[in-house]
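Two complexes are shown next, each including chain A; its partner changes from chain B in the first to chain C in the second.
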Partner chain A sequence: MNTVAKLFNPIVRFSPFMMMALLLIPVLGGLIGVILPAFGWIPALDQTHFSLNGFQQLWQTPGIGHMALLSITTSLVSTLLAFLITILILASYFTSPWLGYIQRLLGPILVIPHAAAAIAIGFLITPSGMLSRLVSPWLSGWDAPPDWLYPHDAMGLSIILGVTLKELPFLLLMALGVLAQPDLGQTLRAQHKVALSLGYCPMTAFFKVVLPSLYPHLRLPILAVLAYASASVEIPLILGPNNPPTLAVAIMQWFHDVDLSLRIKASAGAILQIQLTLFVLACWWLLERLVSQFAKPMLTNGEREYGGAIIQKITHVITALMLTIIGLALVGMLLWSFAGFWHFPDALPQQFVILHWQAASQQMHTPLIDTVLIALCATAVAITLTLLTLEAEQHSGKSLSLLGSVLIYLPLLIPSIAFLFGLVWLLEQVNSQHTFINVVLAHVLFVLPYVFLSLASSYRRLDPRFSIVAASLGATKAKIFFRIKLPMLIGPIFIACALGLAISFSQYLPTLLTGGGRINTITTEAVSLANGGSRRISAVYALMQMILPALGFLLAWLLPKIIVKNHRQK
Partner chain B sequence: MTGHLMLLANFRWQHIVGTAFYSNLIKSKVVISLGLSALLLAAGLWAGIAHASVNDVVDVVDKPVTQTSTSSWPEIQSRGANQDVYFHAWGGDPQINRYIQWAAKQVKQLYQINLHHVKLTDTSEAVSRVLAEKSANNDHQGQVDLVWINGENFAAMAKHQLLAPNWVDQLPNFSLTDPDNNPAMTRDFGVPTQGMEAPWGKAALTFYYDSIVTTSPPQTLQQLSLWAKQHPGRFTYPKPPDFLATSFLKYALIVLNNSQPEAIKNLLYQPATTQSQALLLPVLWQYLDELHPHLWRKGRHFMSSGMELRRLIGDGELALAFTFSAAEIPAAVARFELPDSSRSYRMQDGSLSNIHFITIPYNAAHRDSAKLVVNFLLSPQAQAHKQQANVWGDTSVLALSKLTAEQQAWFAPSKQSHPSATIANQAISPALSEPDPSWSKVITALWLQRYGVMQ
Partner chain C sequence: MQTFASTANRSNTTSTSELTIDGLILSRQQQHLLSLSATIRGGEILTIMGPSGSGKSTLLNWLTGMLPAGFSAEGQLHLNGQNITTTASHLRHIGLLYQDPLLFPHLSVAGNIGFAMPPSSKVQRQAAISEALTQVGLGGLEQRDPQSLSGGQQARVALLRVLLSQPKAILLDEPFSKLDSQLRQETRQLVFDQIRQHQLPAIMVTHDQTDADAAEGKIISLDKIN
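Here is the complex of A and B:
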């Protein structure tokens, strides 16, 4: 213990820098690895003259404006929709037990990877999908699927539906998380009650009293959703149009094109993607300004009622519709994984077989082991660094600077498609052999921000008197950390672990690129099968993608209870 | 950002933190969380090291280019045994994946080689990787040992000198393909392979349909156009640069130009020039302009991957589709992905045919082992197994005349296969050779210009 105690303080002091380095170097290095080729510098293609050819090629791409517009509109509209529905649900059910039920129903959606969600939604709305099967042929008269352009519609409505449904639970749970904070949540609920007693309609009371205090806590998650939506690949790839696709999808295709000189254009596209994401974020900021300017006088005008009853009814309908869509999509996925042949207007497959699960289980064990090992390593690194950094914060007595906290979320705010290709190039320069470590490092980039976000508030809010008492009894800082803080935070730590594992499980692009295809996880297998012709096998993999993180959360919830119970019995 | 889960985090812990029993925990001897973190970290390090050491151990022998090309086969056998080989091959078909798994077991027994199938969604991923390695001056420790390849990808790799030269002749089993009398074995889409890749299998464009829905499928390209008019929305092809898409377009290009004089037709087998494009392409665009309004989604959307054709037939959205691996049809029927009434046939005006190859990148870390694997894949045993309809159904590249009578018997078709395994018109459908690879690129670029952006 003595050596640990001696080493503990320097390690703690060093760890914030370590964490920043782990996040910054790959992201910035990756960006450089994209910026250089964008300006025409690719030694491998004997291109060593800086030029603007890449950007010229980019402007000349047919439909480039359309691609950018599609990215902008789909991300803005879907984020706005997800946010509005979140607010409506909160406002309508603020005082009702239904809020809890909805939270529990939507919670599991979070662990569904985007690709799996897109596949499930695609099956629902496709002309031969669940919705049209349910009304055929008795209502619609269709014996063969109608020839609609959904999904893949040129306007991107299918993308908007997919992103909205996937991000809504996230925003809702973020908001509920804020409201679950003891101080803030209680204050807001109390203020809401006061407003009700003053004769405000519950809906109006929520918008005038709760929302203004709640929104600042939601801003970062919303911006993260927006940034993600503007540059994501999975959902637009599966649900979006391809003539032309969104900018991010096009960039990925150029990077992967046989014609290697397209990489210059792809890199230029990545630069454009960053600008586009910044533009979308700026749009949101402007919108926020406008709304707050416009709404300020309304807050104090004393109006008690704005058609709350009607809005509430509309919210009921939207909520029911959403839950139905999500439910049907999940049932559809489950049915597919056991389906024999499934003739068109039939609502159920002709026979149920376990063949697909058997076939998948034969091929699944190596990817499964890799998935779990990578996730464990990335999560262990992330948890250790997060805990030490938070501890360093308390040693120095000041919390992370604004710059520091922005840096932590950098990998979430910069479109991953923009820096991952550069990162692969960077890893190539450093070492090309330790693929497993490369993948773990790439996963840490995305796991760390979430783990930090999840642990920071509980660590910072831990009652300092415990540490003070222990210190006054002569305990060293190391002892306080290991013997008091960690055991007291065992619950949040386990949940953060489960979260880290789940984030790692769902990574597609980072695994594919840094692993160079040598390391297959359940997610990379699921996406590559989604490109294939077998919906049944990909349903099995998509379900596996859901089961893994769910298991993680179950363990994270159970283990602390068991451990605590055992200690009480001693 | 791929999973927004952190807020699950914020719910549960509130119930736990602050409860009284934590005071007991403080006194506890074992600090569980620390233990857990350490354990996770240890597991991570161990796994990282394990992965790293496998690579390090096998890479001890550096193999310069000149040395290997003069080595004798026994030398290659002794150097190549007992190593790892990373085989980068498209992984979208479970049946093919299973065949590679089978091959992995065989080479493990024969040479103690661990064959890893790196499943690609597109072969160009492997091309990109080797290129990235070249740009990083990694000339000996490349991660790609073998690539399943042909056509444009091969032409690209050869052009950028990313392939190991002159190794195919060293393989004892290569002579079984009878390359002297069978020039197709050394030409990939018309481009001489120069010993940089070994043939693996043969494929031809095969159409399939549900015989209950469609009773008389079109037999020629012209009939296809008429059929599509009568059955709007029931046929489509994928969007270039998908492999099946360019294959369909090349089939159309060849057939539509069939009535042209011999000298003009032959331009298809030479690199595309502005002049030859002007002579050959107009008929194609004319045909497509006429066909598109009757396609699935009225030709406003083309699927990105050719594999989706099969799913759309299964869903009943399409009534006619095509594939390059005919064996996937009975296999998909057996997996319930296609109706039992599926049948397959070749177009009477010709079937685009090609050979697919296996190649070794110039910087492969385990080049000798890779050669042993390729030699095994060319063995009568492996080729016969591959040709079985219920295994993969990929046509063998071996010349039966070079085999013993016993070996020839292995290639006889099995009797109890699904009716869709029997391809109609096989005898009367002439094989159409692949045009020069430059045509794929030209067709793709022009197609995207004409139809890639909806007006």
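Here is the complex of A and C:
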């Protein structure tokens, strides 16, 4: 304990810098590793003079405009839809117990990896999917699967459906998190009551009183969703059109092409991707300005009713529809994983077999172990750095600067497709041959921000008087940290661990790129199986992707209870 | 029928305004909380006193139609002869004044009051707001951010917001408890004067004896349960 106590303070003081370095060096280094090749500088290909060839090749790519447009429209439309439905649900159920039920139903969706969600949605809308089976033949008259292009339609409607359904729970839970903040939430509810007592119908009261105060807290999550949607690859890869795909998917294909000279074009594409993401963010900002300018005079015009009852009915329908789609997608996937022979218009398979699970479990062995090991390592690093950084904050008595808190979220805000390739190049330069460590490092970039986000508020809210009392009893800072703070925060720490594991399980691009094909996880396998191969095996992998994080959260919920109970019995 | 009654009431002279609580029994999961019957005429202030946990806030929640799940109520509520026991909160025309002013942070002082006023032309509304602000000594503060006002000024804006929404009755939930004693007395005087001037039936919940004395009305004391 003595050496720990001596080392503890310097380690704590050093850890914020360690954390920043671990986040900033890979991201900035990765960006440089993309910018240089974009302008023609790739020593590996004997290209060492700067030129704009990459950008010229990019412009000459057939369908490049279409790709960019597809990325822009799908991300803007799906974010807008997810936001609107979130607001409608909040407005309609603001004072109703249904808000809690919907939260509990949608909560688990949050930890389903994007790839698994996309596979489930794909199964639902594919010509022989659950949706066409349920209406055939009694309604549609189809005896054979219909001839439609979903889920790979050229307009990207499938992508929009997938992203909307996946991001809606995130936005809703973010909003409910804001409303659960003791001060703000109570004030907003009280102000809603005031508006009701002034004769405002509940719906109007929400839009005129609650939303203007709530929205600023939602802006960052919305922009994060938008940035992610504009540059992600998992959902467009599984639900999007192939020719041309979205820009991010195209960039990934160029980078992976056997023709290494395409890397220059891919790097130029990554630069375009960053501009495209900035462009959609600017579009949202502009839209926000316009709406707020237009709505401002309406706030105080005294109108108390805008057809709230009708909007509420529409919201009931949308909510029910959404929950049905999600439910059907999950049931469909479960059925596929056990399906034997399954004749087309039948809603249920003729026979149920466990063959696919047996077959998959044999192939799955190594990827499963790698998935869990990588996740455990990345989460351990993230939790340790987060706790020490939060402790350093309390030692120095000042919380992280605004710059610092923005930097933590940098890996989430910058399109990962734009810096991960550079990161791979960077790792090659420093000759890091340990693929496993490289993958863990890449995962930490995405796990750390979420773990920090999840732990920071409970750590900062812990009553400081416990530490003061302990210190007055002669406890060192190290002892207070290990014996007072950590045990008191056991619940939040386990939840943050489960979240970290879930984020790591879901990583596709970082694993694929830094793993260099040598390390496969359940997620990379699921994505490659989703396009081609057996639908039944693919369903098993997608279900495994959901079971893993669910197990994590189950343990995070159970373990603290068991530990606390054992402790009390001693 | 109801529309007719409400128009008739609105056009009536204020002298008939009256809030009646008829045989109210409030309980929480079968456990009896309080029983109350009372009639409050326009300009009268009924004071409800009692320690915390005696059901004061439950009573206010019932009066505003926001009784939370787990509570049940028997009895009826009449406002100006109309039975509003089951009327939705926002159609009751019962104004609320809390201990916190709860001004909307995204609106200016004038915006907060304008929010409460019935729809009319912009010019009329602005004139009415300025006149009301001047009357309570806040002239010229229309465009200020409510958070930049002092506690006493915020309390006065909250009062104007309720009054200009033209309520038919008003509920005061410990309305002065966050103000220091000098300010408390002034604000209390202003609120009570306005209630009497507008001939509104009012119910005030408080645990301060000086509030109760200043109200010069009937005082009902609730006992703590258990």
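By our rule, the second predicted complex is superposed on the first by the 568 of 570 C-alpha atoms of A that agree within 3 Å, B and C clash if a C-alpha of one lies under 4 Å from a C-alpha of the other, contacts with A are read in each partner's own complex, and residues count from 1 in each chain.
One rule holds in what follows: a residue touches a chain if its C-beta (ideal position, glycine included) is under 8 Å from a C-beta of that chain, and two chains touch if they have at least 3 such contacts.
Quantities reported herein were computed from a predicted structural model and do not represent experimental measurements.
Once the two complexes are overlaid through chain A, chain B and chain C fit side by side, free of any clash as defined at the top of the document.
In the superposition on chain A, the chain among chain B and chain C reaching more residues of chain A is B. Looking at the shared chain after the overlay, A:Q60 reaches neither chain B nor chain C. When the two complexes are laid over each other on chain A, the CA centres of chain B and chain C sit 160 degrees apart as seen from the CA centre of chain A, to the nearest 10. Once the two complexes are overlaid on the shared chain, A:T3 sits clear of chain B and of chain C alike. Contacts of A:T300 after superposition on the shared chain: chain C is touched, whereas chain B is not.
Of the two partner chains placed by superposition, A:S401 touches none, neither chain B nor chain C. Residue contacts after overlaying the shared chain place A:A190 against chain C, while chain B stays out of touching range. In the superposition on chain A, A:C201 contacts chain C only, with no contact to chain B.
When the two complexes are overlaid on their common chain A, residue A:T48 makes contact with neither chain B nor chain C.
Using the contact criterion defined above for the overlaid structures, shared-chain residue A:P212 touches chain C, although it does not reach chain B.
For the overlaid pair of complexes, the smallest distance between C-alpha atoms of chain B and those of chain C rounds to 20 Å. Chain B contributes residues 1-17, 21-22, 24-26, 28, 31-34, 36-37, 40-41, 43-45, 47-48, 51-52, 55-56, 59, 86, 88, 91-94, 97, 101, 116, 118-122, 124-129, 131-136, 138, 141, 143, 152-153, 156, 160, 213, 232-234, 239, 241, 296-298, 300-305, 307-312, 314-317, 328, 332, 335-340, 441, 448-449, 451-454 to its touches with chain A in the complex.
Of all residues in chain C, only 64, 66, 69, 89-96, 98, 100, 102, 104-107, 110-111, 114-120, 125, 161-162, 165, 167, 171 touch chain A in the complex they form.
The touching residues of chain A, counted against chain C in their complex, run 95, 97, 187, 190-191, 193-202, 205, 208-209, 212-213, 299-304.
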